[in-house]
Every structure is written in C-alpha cells, then in structure tokens.
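What follows is chain A paired twice: with chain B in the first complex and chain C in the second.
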Partner chain A sequence: MDWDWNFVAEITPALLQGLKLTLLITVLSALVAAVLGLVFAIARRSENRLIARPVSFFVEFIRGTPLLVQLYFIFYVLPGAGILLPPLVAGVIGMGLHYATYTAEVYRAGIENVARGQWEAARATNLTTRQTWVHVIIPQAVPPMIPALANYLIALFKETPLLSAITVLEMMNQAKLVANSSYRYIEPMTLVGVFFLAISLISVVILRWLEQRFGRLAK
Partner chain B sequence: MKKTLLTLALIAAPAAVMADTLESLKSQGFARIAIANEPPFTAVAADGSVSGAAPDVAREVFKRLGVPEVVASISEYGAMIPGLQARRHDAITAGLFMKPERCQAVAYSEPVLCDAEAFLLPKGNPKGFTSYADIAADPTATIGAPGGGTEEKLALEAGVPRDRVIVVPDGQSGLKMLQDGRLDVYSLPVLSISDLMTKAADPNLEMLAPVVGAPVYCDGAAFRKEDAALRDAFDVELAKMKESGEFAAIVEPYGFSAAAAMSTSRAELCGE
Partner chain C sequence: MTDPIIRIQKLDKSFGTLQVLDGLSFEVKPGEKLALIGPSGSGKTTILRMLMTLETISGGRIEVCGEPLYHMTKGGREVPADEAHLHHMRRHIGMVFQHFNLFPHKSVLDNITLAPILTKGEPKAKAEAHAMELLDMVGLAEKAKAMPSQLSGGQKQRVAIARALALKPRIMLFDEVTSALDPELVEEVLLVMKRLAAETDMTMLLVTHEMGFAHEFADRVLFFDKGRIVEEGPPDRIFTNPTHERTQTFLRKIIAAGHRV
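Let's look at the complex of A and B:
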C-alpha cells in the first residue's frame, strides 16, 4: 500500500479524458431527462386515456427495471431489430430515459402543488391549454422542484460508470484500463473517487445558487 | 463503499501472515483460482460448473498436492493480477499468457496452454487485415479485445490508438458486436475464436489464424511472488503429469497441443 505520485502524474491525463466524456454524458442525459420527464408528466395528466394510460405504463415499466438491464437491451438487443446506436448515444438514451421517469414524478408533484384556483383562473380568463401550461402552471411549478431535480442530476452523474458495461470509455473504464496494464488499483480508483467528489461538490454549490436565485421568484 | 473495501483489502494484504501457503490450502481443503469465461481455456457451464483446460489442469495438480478442491471466480483479465496480489485468489489459471512484464508481477508455473492469436472477421475479410499493424494503419478500423488481455496489449503496441481498441466484456458480446458491425475485427487466441465460430454457426464470419507477426504464447498457473514455494510444488506435479501423458490427456481434448507446452519453458517465455 504505497502511494506513487509519479504514477498519478502518468495516469491523470487518461483519467481527465474519461472525465470529459463523463461530464458530456451527464449533461446530455440530464437534458434528455429534463425534457422527456416534462413530456411524461404532462402526458400522464392528459384527459385522453389513450395517451395517459400507455405513458403511465411505460413510465412504471422503465422505473421498475434496472438501468443496467436497459443499457444491455439498448446496446445488444436492439441491433437485432435493426437499430444500431453508437455506444455514447445508446448510453445517453438509456440514462436519459431512465432518469426521465424519475424527473416525471418530480414534475408531477410540482404541478399538483399549483393551487387549483390557478387552473380555474386560467380557464376563467379564456386561456388555451397551451397558454395555461406555458404561462401559468410551469412557471409556478418549476422553482420548488429545483432541489429534487438537482438531486437526480447528481445521482445521474454518479451512475455514469455503468456505461462501462457498454464499452463507453468514461472515467471508470479509463481507470480500469490503467489498472489493467499497471496491476495497481489504489491510485486510479482513488483519483476516480476524488474527481467525482470534486465535481459533485462544485455542482452542489452551483445548484444551491440556482435554488436561491430562482426559488425566490416563486414567492 | 467499494473503494473503502478495496483500500482495506490493500492495507490488509501485506500485513497478513506469510505462513506456508500450501499448508493452509491443505487445511482449508480448497484453493481459490481466478478464471475468465473464455472456452476452451476456461468455461463456466449454465449450471455454474467450471471446466476448461486451465482449471482442469489446476484441479488435478492441486489434488495431487493434497488440496482436494478448487473454487473458481470469474474475473476480467486485467483484474486478475491485482486480485492475486490482494489475496483474493491463490492462483490464476485462465490462459493469462506469459509476457515479460507479467512475469515481473507474478510467479508463473511452467507452461500449460499454448496458442497463437487469431482474428474473427466478416466473411471475405473485406478490409484485408492480417496483422495488428494493418489495423493501426486503417484510421477507421476498430478492434475488439478483452480488457487487460494479451490481444489488447498487442493491438496497442502495434500502434492502434486507444479509442479504436474496444474493450469487450466477453466472447459472446464480442461476437455480437462484430455481427452488428460495431467492430471490424475481434481478436482472441485461435482456439477461443474457433470455439466462438462453432457456437455462432454464422456463415457471414471467418477466422484468420494465426495473426501475422504475433508469436505463439503460453500461459502458466500464476502465483504471488512470495508463494514461490507453492509454485515450485505445482511445477513438480505438473512435470510428472507431462511425463506420464496425463497432461496431454487433459488438454488435448480441448484442442491444445501438449507438445507445444512441453517444448518451451518459463525461462524462455519470460525472457529471463
């Protein structure tokens, strides 16, 4: 158990390369999760049962199965049906879709929290459904959701190592490659932990700020 | 949490008492071996039973040493040597080929299984690959290889950049990725590729063997450096089995050449 700083210097570039990819995956997946989650939440509230029911079932299905299984399915099974996605795209879709089902629940809570009187007022002033959502409901529903959404963003970030199972060379996979040729785990794994911690802490600060900045508007 | 455990294991490892390993294996009644799941080197059946040439040889040698059983755990090639050093296994019997840098890290027995390298390719070898250098020369070609395996290292040494050497978790995934067009080449030892070809029975694939410029490698059972005594005892029994023909009786049904293993030595393969 001896720590070798020279070895650390030698492997850091490879790990930073992996970190870049990890961050890219996190940002893209978070975007997918944020947008798709809202779509799911609104669709589940639809008065048209032909929309609400299948979407509810789909959301429950994704939420109730492990992400790793879904990744294997997207990467190894879908090509059989002619859908061949590059590893990165498959990973972003898998993670984005999975987390969209969680964010959908957050959106649902936020939307249901908007006072009934607001809906009634929107109807009374003759706003269309679209105008009601865009100008009345969403602006009031989103700010209280920020802490919960931020939580999922950090969780998503920390689950990116799962993508090493579908050959994405993110940080964890890079660390394993380094360990594979050096037979040392202590430095690569410690560094991976340190990088994850550093990014998580920075994001917490940014998210706190967002919360204060936009959370206040709701009041 | 995982990291904590790993760190603890690393701290605990050097502190463990260096008693006579063979004696302690005898008294506990089993030895822990690291295997991959790459037939015919190592194979795990659907019911969990372990076979393959390397574990079969190890099981027989350990039996003769007075250790009645082996308990196998599946590991990535790259994780085997660190796992051995962290005392998670007592020996590696997985077709982990002897190369000088590995000989530095572990104590190998005399050679057990020898094989050349092969490529699994789409039918007709459309890009005309015959060596790792050919893949390096084609800027769009991707090659699949096991993580930490000999083929990955050969590809990297030949100059294939890291992002074109795809780490494939197991043979089945590699086969699927080649069929789906995600890989241009999948590289494993000859017998592993021919085993995959037989199982896949896919007329759109073909094997190229041996890969030009890649030597024949042999594996051995690998032990911790400080367990050289155990390794020496293993070698004695292995040599007896080679002489009596029992060694050939185990490895030849799997397709390995006993003569190839007997015609070379650790000293030669490790470059000692």
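Let's look at the complex of A and C:
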C-alpha cells in the first residue's frame, strides 16, 4: 500500500475530466429539481383534486423509492417501452426528479410561511392567481428557503457517483476505470474523496454565508 | 330614490356548525358612510370579507353596483360566479385590513403601483404619478422609496389606504383599521379617513371599535349582535339614545373600557 505520486499525476487529467461532468450533472439536475419542485409544490396546493391528488401520490412514490432503483428504471427499463435516453440525460432526469420531490417540500413550507394576509391583500387588489404567485407569494417565500435548497444541492452533488451505475463517465466512474485497468485503487479513490471534500467544503462556506444573508431576511 | 350600491339579501354564513350570519339583509346607498359596530363575533368583519370575496357565502345574495357578486347569468340562468366574474366585480371594491398586509418585499411606491400596473395595464409612469398624489394625500410622499419595515404602524396603515385607493374603487371597506395600532398612532389614520370621507363620494363601510370616530364619520350606524342587525339609525340617535337594550349594554361596556363616544 505505497502511495505513487507518478500514478497520481498520470490519472489526474482523467479524474478532472470526470469532475467536470460531475459538476455539469449537478448544475443541470439542480435546475430540474428547482423548477420541477416548484411545479410539484404548487400543483399539490391546487384546489382541483384531479391535479393535487395524482401529483401528491407521484411525489410520495418517488420519495419512497431509492434513487438508484429509479436510475436503473429510467436507463434500463424505459428503453423497453421505446424511450431510449443517453446516460447523461437519463441521469439528469433521474436526479432532478428525485430531488424535486425534496425541494417541493421546502417550497411547500416556504409558501405556507407566507402570511395569509398577503393572499388576502393580493385578492383585495384584484391580482389574478398567477400574478399573486409571481409578484407576491414566490418573492417572499423563496429567500428563507435558500439555505435549505442549498443543503439539498450539496447532497445532490455527493450522490452523483450513483450515476456510474448507468454508465455516466462522471468522476467516480473515471476513477473506477483507471483503477480497474491498473489494479491500483488507493490513489484514484483517495483523489475522488479529496475532490468531493474540497468542493463540499467550499459549498459549506457559501451555504453559511447564504444562511446569514437570507436567514436574516426571513425574520 | 337612487338605486343602492350594495344590496344584501337574506345572507347566511356559517363556518362549520357555527352560524355567523343569519338571514341578514340591508342596503347601502351610493356615497353613504356606514359604520358597523357590535361585539366581537357578531359577524361585522365577515360581511366586509364577503364583500371583498375573501369568504364564500353560505346562502342568500349580494349585489354590488347592480350586479350579483356571487352569481352570474349563463345561458339565461343564474349560476354561481366563476373566478372571472369575481375578478370583474372586485374592481369596484377596495379593502384596508387590520394588520395592513402591505407587501413587505416591495417599496411603498411599488406597493401602491403593483395592482394598477398589473390589473389595469397602467403605464408605470402614470401609476407612479398617481401613487405620489395618493401618498401626498396621506402625508407620506417622502416615504415613497422606503420599505414597509421602516414605517410605523400608523404609516403602514396610511400606505395601505393609498394602495386600496390606487385602484379607484367605488366602495371602500375598512376592517378595524386602527385596532392593531398603538394609541398614539390612531389619530393620524383617522385623520386621513376623515379627509377621504369629506373629499370623495366613495361609499365606505367601516367596522370599528372607535365609537367616537364612528359617531363623527358615519351617516348611518348598524349595530350587530349574533349575526343580525339589532338596531340601525343615524349616529346621533344610536350613540345618545339607543332604543334596544343590547345596544345600550354594548355601549356602556365600551365606555367603561375607556373608549370615547
């Protein structure tokens, strides 16, 4: 078990390549989760039960099943139904959808936090439902949610290695490839850990700042 | 005899098993200033909230500006109103709330211009010019750029009045607008309302515990108890010579609690 710096130098470019993909997947999945989560949250509040009920069921279903199973389903089962997705797209949809069910809960809490008087003032000034959401409710609900949303972003980032199971060449998969071809595991796995740790630590610093900035705004 | 601007007929409202309004009927003439008084839970606030379509009705009928509020005609038959009809009717009515309900993320000016820009399509410059006139009227022109959190309660309520006026409603509803204010801030809000009553021909409905103000402000006073009108008349008579025993008891209690009549 001796550490080989030459091997480190040799594999780093491949791992950095993987890291780039990991970050890309994180950003894209986070965007999907952010937008879709809001759609879920609003749909679950709908007075129309034909909308609210099925969406609620779907959200609970996604949340109650493992992400890995969902990824397998999207990548290996859906092609049987004629839906053939490239690994990256399947991964972004899977992770985005899964995390959307979590962000939906954050949105729900944030939306319920907006005082009832705000809805009433919006109605008394004759805003439409859409205008009420866009101009009154969402701008007030979102800032207090930002720390919780950022937490999920970090969690999502750390779960991207799951995508190696559906052949996405993110950082973990790259590490496995170089490890398998050289029978050396210590350097690639250590480097993967170090890269994840470094980015997580930076993210935590940003998160603390967000908590300070928007936590105060929420009060 | 002019047609009433508000006509309430056999109005019922219950929350679950609790009957709040019980076959209530009354009319309001255009330009009339009406004070609704009575003990807590007598249904006065509920009436304002129903006029603003913040509550649904359980039975009966409300007409505003000659049109049914909660009903509409479709294919020759009268059916429950849809959201589009309510939206169409709401433009006649403005409301000021006990807890102001200003939009905390928007400046004073934006609070006032938001609805005229969105719902009437007013150009921003025109909406802002009108908002500045209104702010001037409520004595807060210098606070246009301030955020609501930087204002006192009395200032917030004056902004809320300006916000409601910006839509030029024909009917204004004031729901205990001074109840949440510190005593020393009540006067500035009442002054604005007095000016408004004197300078406009808007119809105004006022729910209040400020009997002195109701006396001065109103053309007519309705005394409510348990979802019904017990007594009504000009303020001079209701406040100095109430005929009904429940009105007398209520006014005695209010005076004992230190309110001016």
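The rule is simple: the second predicted complex is superposed on the first by the 205 of 219 C-alpha atoms of A that agree within 3 Å, B and C clash if a C-alpha of one lies under 4 Å from a C-alpha of the other, contacts with A are read in each partner's own complex, and residues count from 1 in each chain.
Note that contacts are C-beta pairs under 8 Å (C-beta built on N, C-alpha and C of every residue); 3 or more make two chains touch, one makes a residue touch a chain.
Just so it is clear, the structure is predicted and the values come from calculations on it, not from any experiment.
Asks: May I ask you to name which of chain B and chain C touches more residues of chain A?
Replies: B
Asks: Taking the superposition as given, does A:Gln212 touch the first partner, chain B, the second, chain C, both, or neither?
Replies: neither
Asks: First (chain B), second (chain C), both or neither: which does A:His135 touch?
Replies: second
Asks: Just to be sure I read the superposition right, which of the two partners does A:Thr65 touch: chain B = first, chain C = second, or both, or neither?
Replies: neither
Asks: May I ask you to decide whether A:Thr125 touches chain B, chain C, both, or neither, giving the answer as first, second, both or neither?
Replies: A:Thr125: touches chain C, not chain B.
Asks: Between chain B (first) and chain C (second), which does A:Lys176 come into contact with in this model arrangement: first, second, both, or neither?
Replies: Touch partner of A:Lys176: chain B, not chain C.
Asks: Could you look at A:Arg184 and tell me whether it touches chain B, chain C, both or neither (first, second, both, neither)?
Replies: first
Asks: State the interface residues of chain B toward chain A in the complex, per the touch definition above.
Replies: Residues 3, 6-7, 10-11, 13-14, 76-79, 81-82, 85-86, 105, 147-148, 152-153, 162-163, 166-169, 173, 176-177, 180-182.
Asks: Would you mind writing out the residues of chain C in touch with chain A in their complex?
Replies: 52-54, 83, 87, 90-91, 93-95, 97, 99-105, 114-115, 118-119, 163-164, 167
Asks: So in the complex, the part of chain A that touches chain B is made up of which residues?
Replies: Within the complex, chain A contacts chain B at residues 1, 14, 76, 79, 84, 87, 165, 167, 169, 173, 176-177, 179-181, 183-186, 189-190, 193.
Asks: Taking the complex as given, what residues does chain A use to touch chain C?
Replies: Against chain C, the touching part of chain A is residues 115, 117-118, 120-121, 123-129, 131, 135-136, 139-140.
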